[in-house]
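Shared between the two complexes below is chain A, which pairs with chain B and chain C, respectively.
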Partner chain A sequence: MSSEPTRRIRREDGWAWLFIGPLMLGVVVFYFWPILRTLYNSFTEFGAFGGTRWTGLENYADLLTDAHVPRALLNTLIYTVIVLLGIPLSVYLAALLNRPGLRLAWFYRVMFFLPIVAMPAAIAMVWRMIYNSDFGLLNYALSLVGVDGPYWISSPGWALAAVSVVGLWSSLGFSIIILSGGLRAIPPELYEAASLDGAGPMRQFFSLTVPLLTPSIFFLTIITAINGFQLFDLLYALLGPNNPAMAQTQSLVYLFYEQAFAQNDKGYASAIAMLILLVIGVITLVQFRFQRRWVSYD
Partner chain B sequence: MVTTTRRTLLTGAAALGAGTLAACSGGGGGGGDIPDEIPADTSGEITYSIWDQAQKGAMEKIIAAFGKQFPDITVSLTVTPFEQYFEKLQTQATGGDLPDVFWMNGPNFQLYASEGKLQDLADVPGVDADSYPDAMNALYTLDGAQYCVPKDFDTIGLWWNADHFEKAGVEAPTEDWTWDDYRETSRAITEALADDGVWGNAGGTENQAYVYPLVLQAGGEIISEDATRSGYGSDAAIEAFEFLRGMVEEKIAPSIEFTSENKPADLFNAGKAAMLWSGNWSAAVFKDSPVRDAIRTAPLPTGKQAGNVIHGIGNTMAAEGRNKAAAAAFLAFLGGEEANRIQAEEGAANPAFEGTAQAYVDALPEFELQRFIDAAADASPYPVSRNTAAWLSLELEYYPKIVGGELEVAAGCAELAQKMDEALADEQ
Partner chain C sequence: MTDAPAPRPRAARGPRNIDAYVVLTVGGLVMIFPFVWQLIMSLSTQAEVTGVPPSLLPASPQWGNFAAVFDLLPFVDQFLVSVGVTALRVIVQMILCAMAGYAFARMQFRGRGILFALLLSILMVPNQIYLIPQYSIIQGMGLLNTVLGIAMPGLFSAFGTFLLRQHFVALPAELEEAARLDGANPWQIFWRVMLPLSGPALASVAILTTIASWNDLLWPLVVSTYEDRMPLAVGLATLQGQHMTNYPVMMAASLLAMAPILILFLVLQRRVVEGLAHSGMKG
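Right, the complex of A and B next:
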């Protein structure tokens, strides 16, 4: 008799596994297994058509001496930091878009949301035209005020900034959606109470809106940082592999792609992939550590 | 003239092949299941993979013609865009599921051949290498065995715009133009037509169309015959790059940033450049150019000597296919006179089979494409090694640095040569 409750729990356990099972299977097969496989591959020399040879830490030793790696790591960091600057901008824009009584609010929301539904390749095509040094919109606009614009996407000094601006721009839509959700969750009574206490719009924004949005902002910081470290498609489509600025602009994932698919060195590419995983892991961990200093959940 | 004939390349390869490399090249030669003569009632379904949508029509016509000889063999054609073609092929090869018959190119050939993925043509009845240019056979031969039937070929020539030459008042290019003639004509046109925004030459750092011929003309090589050493460290390579760097420096060729955003062929096609080095493949594009009527061709200028590069697609079949008799029959047909004639008539490509190119030449008489075919006789094979891709990406990295002036020419060439030597050493 006394074992009855335990048995019931066991039985419920079975049901739980049944429901979680299919999802877990997917996660294990498509996420955990490839990660383990990549970890294994990073210790091998990977033949062009499969077949691995154990080489121990050789790939990691190469990683430490490869001059492209620190450059790519720095580029990726710079890109991520610039794209992260989009978050304060998104907070400001989301607050504007969610002002009560704003006319044409739906129109603005659609405008800001569009970049998310557009493919990165299509976005890159349009920006390539904007950035074109001789026939592009940007340098034409600059020429009207007497400035001779540079080669935005072909000179090493400018290309990374040019890519980052597009990255920032295309991340705005997603951030604004998330923040709008956060804003809607703030009870209007709080604002009424604040204005009764004599707080002006600025004071309300900084003392009420921003603190109450910190959970959404935190979520966005995590996601944006992870996406930033995975920079590839935008860079590839905007600059192209034949670009003279590519060597100085390439990101970690681009380096991975180069090694895995252009140079057929999948073992070394796996080591780069592990480095990317490690960097993203550390940065995310640090962010979680620091969140209690600034994120308020009440 | 450094002409690598089939024989010299083979001698080099044989010397090299005896040791380590032979160990990993097994498996390709078996072919026990291809009969000496393939009966006309052979049946089955085979797949044929290509990457050029523009040639799909011609390939379908060839398949239809093949169907008349072998009515019981069904060929299904797959077109994969070039950008993904070799990634997909590699995945298929890894999974043991290569198409029965497929297109191959120079830079990828040795990788597949050395891993035993391709069928040795010695066991495919009805293929005769004598029908194709020597350099094309050499390109697709590894350690003495040929694995691909040349499908088509291209060489490089000088494309020029007669209107620009006339307007600038300069003489048309001749058969015996030198580097100096080319540079001074570029200068004259760039200066005369500055107000129209027309460049004397379209510039750029194309390897096959520009750098390779220049290095060969300076008396150098891109890669040693045994494919173990880079040729970029030589004085000839430095001379070639100084020629290119000089024109950019003197602003008679566009900067590398400019040509990165505005491709040389596009500039020429749009009438924004008076001269371009490019292959006969450009004919398919320039026939629709807005300045088509002004477009002419001439032989490449010469440096110390003449120099040109020949490359082309090869048809090949999987060493471990499911229906090798049917695949071999189709491969032999693809390499035959009829299939090559169809390619020419359709204007798909310059056919590799000797004597079938007339229809291709006649289709665009004003471009005088015969000169690209004539150039094949003395052209060097496109330089390749076992993992060509590894040093192709080095070229992409270093050419702009050298021509753009970020690295001093001699130092840049030395660095490129050293990195390429390391990549070649990794192949061994």
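Right, the complex of A and C next:
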């Protein structure tokens, strides 16, 4: 091939489609089409032997009357709030991990980051043992201080708390990673100046670190809330589908899974999926609206 | 452990960090306790695990528990499914995402902006929206309970494309120009010039995909129903309630299932953390 003069702007539509074509084909089939299909499905009822029947807004009317829906919504919300409460803790831990002159930082990072990469289905087994009401470590520890521990993962009142603690434990490391990125962007001179002005470590943390970190914290609350609303793996692996406490503890995504693949009511499940999309959208929007009250981008 | 070997000029800071060492040591031990406890239980006898008070260390390590894993569930089959699904996703994603990411970063074509925006919109929609139609498609293709079916939707990653696009955007244009003047066509430029410069970015995609794919539960749970054709995550999650009897062997099984990713993390610690920091950029 001979060389040709290069122009400032050269269109390469043919080549470009060769490059993006394979990906776009898969994306259209497995992502774009399914969005439309789920929207359509949410107005239908699936027959027992395939085929769908248009039922209009019936599934959405069912959403409003199904007592499981507000319960699942509330459970998901509680779980998300508890996991969000881990963010202040991770701000503190990230600040400690990024202290100048801290030795063995890599060693501490390994300890804090290990839960992020642990398979939920596998690590849930250990937590089930710790939570076990007969011989679990937690109730044994409680018995030492005279408390008779409950059936953590099979009583409706406690199961959600038990799941939330594991959720908090497994998400803490990710929060620390995101916040560490924000911390490293803070110029060290600011701390030197603050020291010269006589600000102690506490003062520096609350007047300097936290305000400068608010963009990272904001970003983290968005991601954490979205992930929290997708609670499924831990819940499924910790409680198991036959758990008596599941009906009281299930999340929105679990309810979706239950309806779609256990009850085989895929039309109704599609309406639940649309509800999840709506709720996540609303919560994210609300967070963006409130951000100017507390996030500073100076 | 926290004692510094020799005083350095900046050691004046040392004493001030004592609070950090105390909090991080205690907190770190809490964080890794479940893993340690899992290891201890996996080497204990059933009586030791279910005894009250619990025995904190096994009288003699029961290595046989790890051998018994292979009787408890078709571990080798499930391991191979996990490896197959993960490898397929990593390889196909790296190729497709690199190609598309390169085009979105460096090529001029009609509809580039809108296509890229549409692609990113996938990341903002919760997975449940896609799940039922994806299931129907995989079922229709006759791919339920196959490695390809479990891997399929994950072969096409908007996030991987986004990460690699960010990487290609940052590369200097002179490299391409030089290759173009030498008569290379766009594919040759991509394959011989740009891709060799993409090691770290590709590694990030590979690591994130490996972790996500290995640990993933919901999708494989839906498309695999035979015990010997499901990945480890599903195998372990559906094990509960069936054989709730031999706890030490279950601990050994779950430890073995996590081991590849934990080892990957320990070996590539810095890269994994970097990758995870990137993963925060999505959305």
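To be clear about the criterion, the second predicted complex is superposed on the first by the 262 of 298 C-alpha atoms of A that agree within 3 Å, B and C clash if a C-alpha of one lies under 4 Å from a C-alpha of the other, contacts with A are read in each partner's own complex, and residues count from 1 in each chain.
What we mean here is this: a contact is a pair of C-beta atoms (placed from the backbone, for glycine too) under 8 Å apart; a residue touches a chain by one contact, two chains touch by 3 or more.
On a predicted model such as this, the values are computed, not experimentally measured, just so you know.
Colleague: Regarding the shared-chain residue A:194, is it in contact with chain B (first), chain C (second), both, or neither?
Modeller: neither
Colleague: So in the superposed three-chain picture, is A:174 touching just chain B, just chain C, both, or none of them (first/second/both/neither)?
Modeller: Touch partner of A:174: chain C, not chain B.
Colleague: Would you sort A:26 into first (chain B), second (chain C), both or neither based on which partner it touches?
Modeller: second
Colleague: Is the number of chain A residues in contact higher for chain B or for chain C?
Modeller: C
Colleague: Please work out whether A:84 is in contact with chain B alone, chain C alone, both, or neither, and reply first, second, both or neither.
Modeller: After superposing on A, A:84 lies clear of both chain B and chain C.
Colleague: So, A:118: does it touch chain B (first), chain C (second), both, or neither?
Modeller: A:118 contacts chain C only, not chain B.
Colleague: A:73 in the overlay: touching chain B, chain C, both, or neither? Say first, second, both or neither.
Modeller: A:73 sits against neither chain B nor chain C.
Colleague: For A:63, decide between first (touching chain B), second (touching chain C), both and neither.
Modeller: neither
Colleague: Between chain B (first) and chain C (second), which, if any, makes contact with A:134: first, second, both or neither?
Modeller: After superposing on A, A:134 lies in contact with both chain B and chain C.
Colleague: Have a look at where A:261 lands relative to chain B and chain C in the superposition and call it first, second, both or neither.
Modeller: both
Colleague: From the superposed pair, tell me which chain A residues show up as contacts to chain B and also as contacts to chain C.
Modeller: 128, 134-135, 240-242, 261
Colleague: Which residues, counting only chain A, touch chain C once they are in their complex?
Modeller: For chain A paired with chain C, touching residues are 1-3, 6, 9-13, 15-20, 22-24, 26-27, 29-35, 37-38, 41, 93, 96-97, 99-104, 106-130, 134-135, 137, 140, 169, 172-174, 177-178, 180-181, 201, 219-220, 222-223, 226, 229-230, 232-233, 236-237, 240-242, 253, 256-257, 260-261, 266, 269-270, 272-274, 276-277, 280.
Colleague: Sort out for me which residues of chain B touch chain A in the complex.
Modeller: Those residues of chain B that touch chain A are 87, 90, 93-94, 111, 115, 117, 255-258, 260-262, 387, 389-390, 392-393, 396-397, 400-401, 404.
Colleague: Which residues, counting only chain A, touch chain B once they are in their complex?
Modeller: 47-50, 128, 132-135, 151, 153-155, 240-247, 258, 261-265
Colleague: Which residues of chain C touch chain A once you look at their complex with the stated criterion?
Modeller: Per the touch definition, chain C meets chain A at residues 1-2, 4, 10, 13-14, 16-17, 19-21, 23-25, 27-29, 31-32, 34-35, 37-38, 41, 49-54, 96-97, 99-100, 102-104, 107-110, 112, 115, 118-119, 122, 125-134, 136-137, 152-153, 155-156, 158, 161, 177, 180-183, 185-187, 190, 211, 214-215, 217-218, 221-222, 232-234, 236-237, 240-241, 247, 250-251, 254-255, 257-258, 261-262, 264-266, 269, 272-273, 276-277, 280, 283.
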